[in-house]
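Order of writing sets the chain letters: A, B and C. Residues in each chain are counted from 1.
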Amino acid sequence: MKSTIPLVIGCFVGWFAFGELYVPHEDYRWVFEFLRDQAQILAAMAFILGGINVIQVNYPKIRRREADWQYKVVLLVGAVAMGTAGLRWHALGGEADSGSMAVSGTAAVGTGYATLAFDSADRDALVIIDGAPPVRAWHSGNPSDITKPPGDQALSVQLRPGEHVITVRKPVEGYAKHEVSILVADNEPTSAKYEILKRWVELLPAAAAVLPINVAPGQVVTVSTDLVMYWGAGSPHGRVFTWMYDHIFFPCNATMFALLAFFIASAAFRAFRARNTESALLLGAAILVMIGLVPIGRAMSPIFPEIEEWIMDTLNTTGRRAIMMGAALGAIATGLRVILGIERSHLGSD
Amino acid sequence: MNARLKIIVPIGVTIGVAAIAFLWRGNVEPSRWFTLEGPRAMYVAIVAAMAALLYYYLFRARRGDEIYIRRIAGVDAIEESVGRSTEMGRPVLYVTGVEDITNIQTIASLLVLGQVAEMTAEYDTELKVANFYPITMVVAEEIVKQGYTNAGRPDAHKPQNVMFISSEQFAFAAGVNGIILRDQPATNIYIGRFFAESLILAETGYLTKAIQIAGTAEITQLPFFIAACDYTLIGEEMYAVSAYMTRESRLLAMLKSTDVIKAFVIALLLAGAVFATYNHLAGSHEPWDLGGWLVGK
Amino acid sequence: MAAEQKDWLQKLQTFDRRWIFLAMGVAIIAPLFAPLNLPVAPSAMVKSAYYTVEDLKEGDRVLLSLDMDPASTPELEPYYRAVLLQLKRKKVKIVIATTWYAAPPLVERWLSSTVEGRIIKQGDSSYHGIPDDPYVKNEDYVWLGFREGREATINGMATDIRGTFDNQAADGTPLDDIEIMNGIESLADFDLIVMVSAGYPGIKEYIQQAQGRGNLRMVGACTAVSVPEYTPYYNSGQLLGLVGGMSKAAEYEKLVGKIGTATQGTDVLNLGHVVVISAILFGNFIFFAGQRRRRTLRSGKV
């Protein structure tokens, strides 16, 4: 009974999956997709088991101070740190606003421009006005030179009539952006209109960041920002997560892959020896293909790339197709063995 | 059973099943509940032929006929290398590949793991299993436990030896390298689906003078395993391991049925090559599409 | 003399492979100081990929699938930059997605620097073609984000791309509000699919899951090790072009007209290959010298 029930389940589900190709009915497909979604959820839950296993395997080795126990400390600290950085801490209790806007001043006759002022709590904030290259929100004379460190002067620009899109962001990823839209009117509003505008901004601060703020020429619109630092692994990525990705994960990943260059050389030195006819052919083909693939081979003779193409297109493709077909039939047989209940080594002996 | 029947019956079964599916293919009206459009009929033919042949070879195996399998050096080496590990007092490392449980190569790897676990239990050698996905780890642990139980050594099983390393490719490679360099296994078995980390694992294993047996159907990684490992199981040899090791009649019958289908595929390839060559030499501008005709286009 | 020769041979037979590592290290570093600048001649597959993209018209919509991780950036990023420059100067609308979980942080950085920024910086005298303009998010390009599911995701994109990405872009903007996505229901609605693929899932899965549903136009870039696997798809016409590895990416850069890291890295490839070939020849020299010595000893001659 202990092995019969799993066998029956395996057979039934296996044939059900096989049938998906032949039964176009949407209800059948729905069941299939439901089972597939559940499998994905199960796989995701299994990561919790995996995390526990990592701790179960490594913590006793740290406690007993086994060989190279220090690396296991690095492993566990890294796992916990990355897991902590992957949680969206900034969104606990709701996401904070990254800034606000306020309009002030009376309209002056005939100026034609409104003034855009910045009051950013982030000294290193960059401002992008209408898709132009970024400028510094705090500068020491030349806001366009973002290679220089921030200064003490707050950015102030003139906006001609029309709609303008302003983005304030940090120079690095992982922080909120503050995007606003400002519509500078062609004519000056009456003071009554200004009162309505001001009340509107005060009543709807969140909407003010979405809808264009109407500004009259001569008025000053002040953009205040306090860009929230994001946490978390999902899009948008958190600052800490991005830093660890850029400075730890990326270099380590690339380094491990780079080892292959050295290992290929040492494996070739060891393995490509002309012990018999077949290995001599293998070694000859390897050398010809390597020479033909790189410009240095073409520089030596134009025949090398042609030989390389012929070896890859004719000899190599033939062999690969043969292996692929054999492997495909073997895969069908293995699947059939499990579906038909012939293979039972995963269940226990009879 | 006389020699002529031994050849005629499998050919007849295969042709018969394939013919039924082939004739069926244009004549079944697709409905909401069933369709044989496109190459589906051919798929059914292959699977049905395989199943029919399976039962034929099972019948022969149970009658006592010997079913021949050619020697696969890599599989023979598994037992020898487990013995070597026992003599040296060093563990056996088994890596199940870098794909999840839904991949057929991982399933094949886990099936072989069961046999290897029984062997290591009998020889009283430590077995360490490195897994890329947690769910593979869970299944592998059950299989290893069962293997030890089958060998009558349930007490010798250590659950902590079946490990989840990491689901990140190069972190996994780094973790397994660490196990190889620290625990110095005398035998490394890599069976499953591998990608770029294959050469990293194999070269590190070479450093520790371990015997390395690899098996994968991943064509891009076969050259690296062949260069760096002592034995390599190429493609379908990996799927044949459990049949080869256990010599169970059911598994051998499945292997034989696959071989017969393969023979038919070879015959089709030859026919197609001859046909295409003839078309080319005859200067035909609209050659008949043999492949399309077979799948009902 | 015989004793010295024997010692010499014994030393060679116990040759420490770290010398090979050192030689490879020198081969990698040396071109950074002394570039070889060997000519690069585009091959047929690369030209085919280039001209397929050149056939696009202004306003065409392209899916750019970036299925890669940091490890594969040296081989794939050069192609990405080159093809993106080509797409931007043709003013094509781009929809970007990925099926690899490690890709999004990488992709988002690239979006801000190469898609929303300029690939050709002002004052770049090495480039003589049409420069690119910054693209505006959700107007000129859409970033759909990452979806787990691998082949299932690609299968979903092939039938219902909106449903696969929950009808929203990665920043939460509903796809119905994005003009680029008007009329895009599945992969077949794109004018071209450009795949930058480091492995699985990637080019093969797109072809297996999506190509059969409607003769999609596809070009791809892959790592060099995968080229033999995908070449049959190019030969059969399922892929209209294939750029495999750094050397082919250098050829693509030449066609696009913007020299990048692939062209600079080709020198490293050249010398690296020379080291590997030298290692093979050296290994065979040791092998045959050892065999000759054994034959000599067996025959009794000194």
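Here, a residue touches a chain if its C-beta (ideal position, glycine included) is under 8 Å from a C-beta of that chain, and two chains touch if they have at least 3 such contacts.
What you are looking at is a predicted structure, and each value in this text was computed from that prediction instead of being measured.
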Please work out which of A-C and B-C is bridged by more C-beta pairs in contact, and write that pair. A-C
With centres defined as the mean of Cα atoms, the chain at greatest distance from subunit A is chain B
Report the inter-centroid distance (CA atoms only) between subunit A and subunit B in whole Å. 35
From the mean C-alpha coordinate of subunit A to that of subunit C, what's the distance rounded to whole Å? 18
With chain centres defined as C-alpha means, what is the inter-centre distance between subunit B and subunit C in Å? 30
Quick one: which residues in subunit C touch 2 or more of the other chains? 69, 71, 102, 228-229
Using the touch rule from the top of the page, what residues of subunit A touch 2 or more other chains? 253, 256-257, 264, 266, 268, 270, 272, 320
Listed in rising order, subunit B residues that touch 2 or more other chains are 168, 170, 196, 219
Which bits of subunit A are touching subunit B when the two form their complex? 18, 21-25, 28, 39, 42-43, 46-51, 53-54, 56-57, 60, 67-68, 71, 252-253, 256-257, 259-260, 263-264, 266-268, 270-272, 320, 323-327, 329-338, 340, 342-343, 345-349
Which positions of subunit C touch subunit A when the two form their complex? 17, 20-21, 23-25, 28, 36, 38-41, 43, 69-74, 102, 104-106, 108-109, 112, 134, 136, 145-146, 148-149, 152, 170-171, 224, 227-229, 231-232, 235, 247, 266, 269-270, 272-277, 279-284, 287-288
Give every residue of subunit B touching subunit A within the complex, in rising order. 30, 32-36, 40, 43-44, 46-47, 50-51, 54, 100, 102, 104-105, 107-108, 110-111, 114-115, 133-135, 137-139, 142-143, 146, 149-150, 160, 163-164, 167-168, 170-171, 173-174, 178, 182, 196-197, 199-200, 202-203, 206, 217, 219, 222, 224, 226-228, 234-236, 238-240, 242, 246, 250-251, 254-255, 257-258, 261-262, 265
In the complex, subunit A residues that touch subunit C: 36, 40, 131, 173, 235-237, 241-242, 245-246, 249-250, 253-254, 256-257, 261-262, 264-266, 268-270, 272-275, 283, 286-287, 290-291, 293-296, 298-299, 305, 309, 312-313, 316-317, 320-321
Per the contact definition, I'd like the list of subunit C residues that touch subunit B in the complex. 69, 71, 102, 199-200, 225-226, 228-229
